[in-house]
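One chain, chain A, appears in both complexes that follow, with chain B as partner in the first and chain C in the second.
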Partner chain A sequence: MAEERKSLLILCRRAPGGSAQPRELLDIALSAAAFDCAPQLLFADDGVCQLLPGQPFAGLIEALPVYGIERIFVDAQALARRGIDPARLLLPATPLAAEQIADLLEAQQLLLGG
Partner chain B sequence: MSQPLRIALLVEASPHSRQAAASALRFARAALAAGQRVPRVFFFGDGVLAARPRATRIADEPDPAAQWSALAAESGVELVVCVAAAQRRGLDAAPLAEGFRIGGLGQLIEAALDADRLLTFAD
Partner chain C sequence: MALLHIVNRSPFEHNALPDCLRLAKRGSGILLIEDATLAASVAGEWAGRLTAAMVEHPLYVLLEDFRARGFADEQLISGATAVDDAGFVALVCEYDASLSWR
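So, the complex of A and B:
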């Protein structure tokens, strides 16, 4: 396609257990990456727990950069509220403050997830 | 009237337990009635259950598969069911309801890139 790709952010807000939604949302991210969409991921609320070692699809999270998903963000406040040390995360996600998250969402043409 | 919007829909909610699944159908009808375009509805997650036809009609209850089928027949809306999500839920074992077809996630991405808006109905 000649036209410029739209910017896409996938918002991962749910804990890794409890439903299939978090895992299926990552399938969308992988598919978008395969279509050269350069999807970005933001982990917020209980979704930050997807970045913890030992969760059921931890291997997939670790492999995201291999699939070309390199812009990965995490809500710093959500980590702090749950007492999670950013150094423990499966991969180096960029921590964002609330205002930065607002700016990031504002900048997108496509948002998925929730 | 101004140029119609092309609105792609993503349905993730189960038609049996979530209001959002019914809202998606109502939204699609309303958008078309208002002169907008809905080229494709992509069913994902538990939303794919909308493609399973009912063997028995249940009195006084809506039949989501039949409603979507009717919409597709009337307006040409493309109903695409994610193959992986459908397989996980055993939907590949029997024919889908009229108007639905199996597709890949690439068709969601394609619809999202082509459309002016993408709306998700998830809960």
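So, the complex of A and C:
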């Protein structure tokens, strides 16, 4: 009997344009989606900049729903601290307060952080 | 048990520890390894915040990494649990899941 699928969340905390790490985490997300285990993505800290148009892999971010990655969240405080208007984001990511993020993290069976 | 947060970045250089403390749910564990162990110096400026955090979270410190950064065992913040590599593995098994803040 097949094992029940586990909930997976990937926490993206690095800005694009610096290291290759942010892009690598997204590749992992796409791989998981290809195996029918579409992860939830949470963008926090400098990682919220990955959701801005004009960053190097903006096209990939925009395409995430095509690959079945539709549950995308963003740390509202991280946006506010950087002066980013949620209306400018490439995707309709759900802004979450700290307590909501704490609950979201606790609800996962697998977490991958960056 | 709950989620184990694993932090390896120095709070003097990165935002990983402050973000982890802000977003960790009450009752979840926090394990400091590598440069993050710098936060656990009893006389350092992070001692106060970590002491406050220990009201809500068990705090673990990989002692070998703390020592490797020049600190003596008695400089470890009180209330934190020192762990060795085997203890690290045991924690990861004890908790339901773990999340690395890199």
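Keep in mind that, in the parts below, the second predicted complex is superposed on the first by the 113 of 114 C-alpha atoms of A that agree within 3 Å, B and C clash if a C-alpha of one lies under 4 Å from a C-alpha of the other, contacts with A are read in each partner's own complex, and residues count from 1 in each chain.
The rule is short, and it goes like this: a contact is a pair of C-beta atoms (placed from the backbone, for glycine too) under 8 Å apart; a residue touches a chain by one contact, two chains touch by 3 or more.
The structure displayed is predicted, hence computed values, not measured ones.
**Q** Applying the touch criterion given at the start, work out whether A:Ile72 contacts chain B, chain C, both or neither, answering first, second, both or neither.
**A** neither
**Q** Once the shared chain is lined up, is A:Asp45 touching chain B (first), chain C (second), both, or neither of them?
**A** Touch status of A:Asp45: second partner only.
**Q** Where does A:Arg5 make contact in the superposed view: on chain B (first), on chain C (second), on both, or on neither?
**A** A:Arg5 contacts chain B only, not chain C.
**Q** Just chain B (first), just chain C (second), both, or neither: which does A:Leu64 touch?
**A** In the superposed model, A:Leu64 contacts neither chain B nor chain C.
**Q** In the overlay, answer first, second, both or neither for which of chain B and chain C A:Leu89 touches.
**A** Touch partners of A:Leu89: none, neither chain B nor chain C.
**Q** Between chain B (first) and chain C (second), which, if any, makes contact with A:Ser31: first, second, both or neither?
**A** Touch partner of A:Ser31: chain B, not chain C.
**Q** After superposition on the shared chain, which partner residues are touched by A:Gly114: those of chain B (first), chain C (second), both, or neither?
**A** both
**Q** Overlap of the chain B and chain C footprints on chain A, residue-wise?
**A** The overlap between the chain B and chain C interfaces on chain A comprises residues 21, 110, 112-114.
**Q** Can you list the residues on chain A that touch chain C in the complex?
**A** Listed in rising order, the residues are 11, 13, 21, 44-46, 75, 77, 98, 101-103, 105-106, 108-114.
**Q** Mind pulling up the chain B residues that touch chain A in the complex?
**A** 10, 12, 44-46, 84-85, 88, 104-106, 108-110, 112-113, 118, 120, 122
**Q** In the complex of these two chains, what residues of chain C are touching chain A?
**A** 2-3, 15-16, 19, 22-26, 28, 96-102
**Q** Which chain A residues qualify as touching chain B in the complex?
**A** Those in contact with chain B are residues 1, 5-6, 8, 20-21, 24, 27-28, 31-32, 34-35, 37, 110, 112-114.
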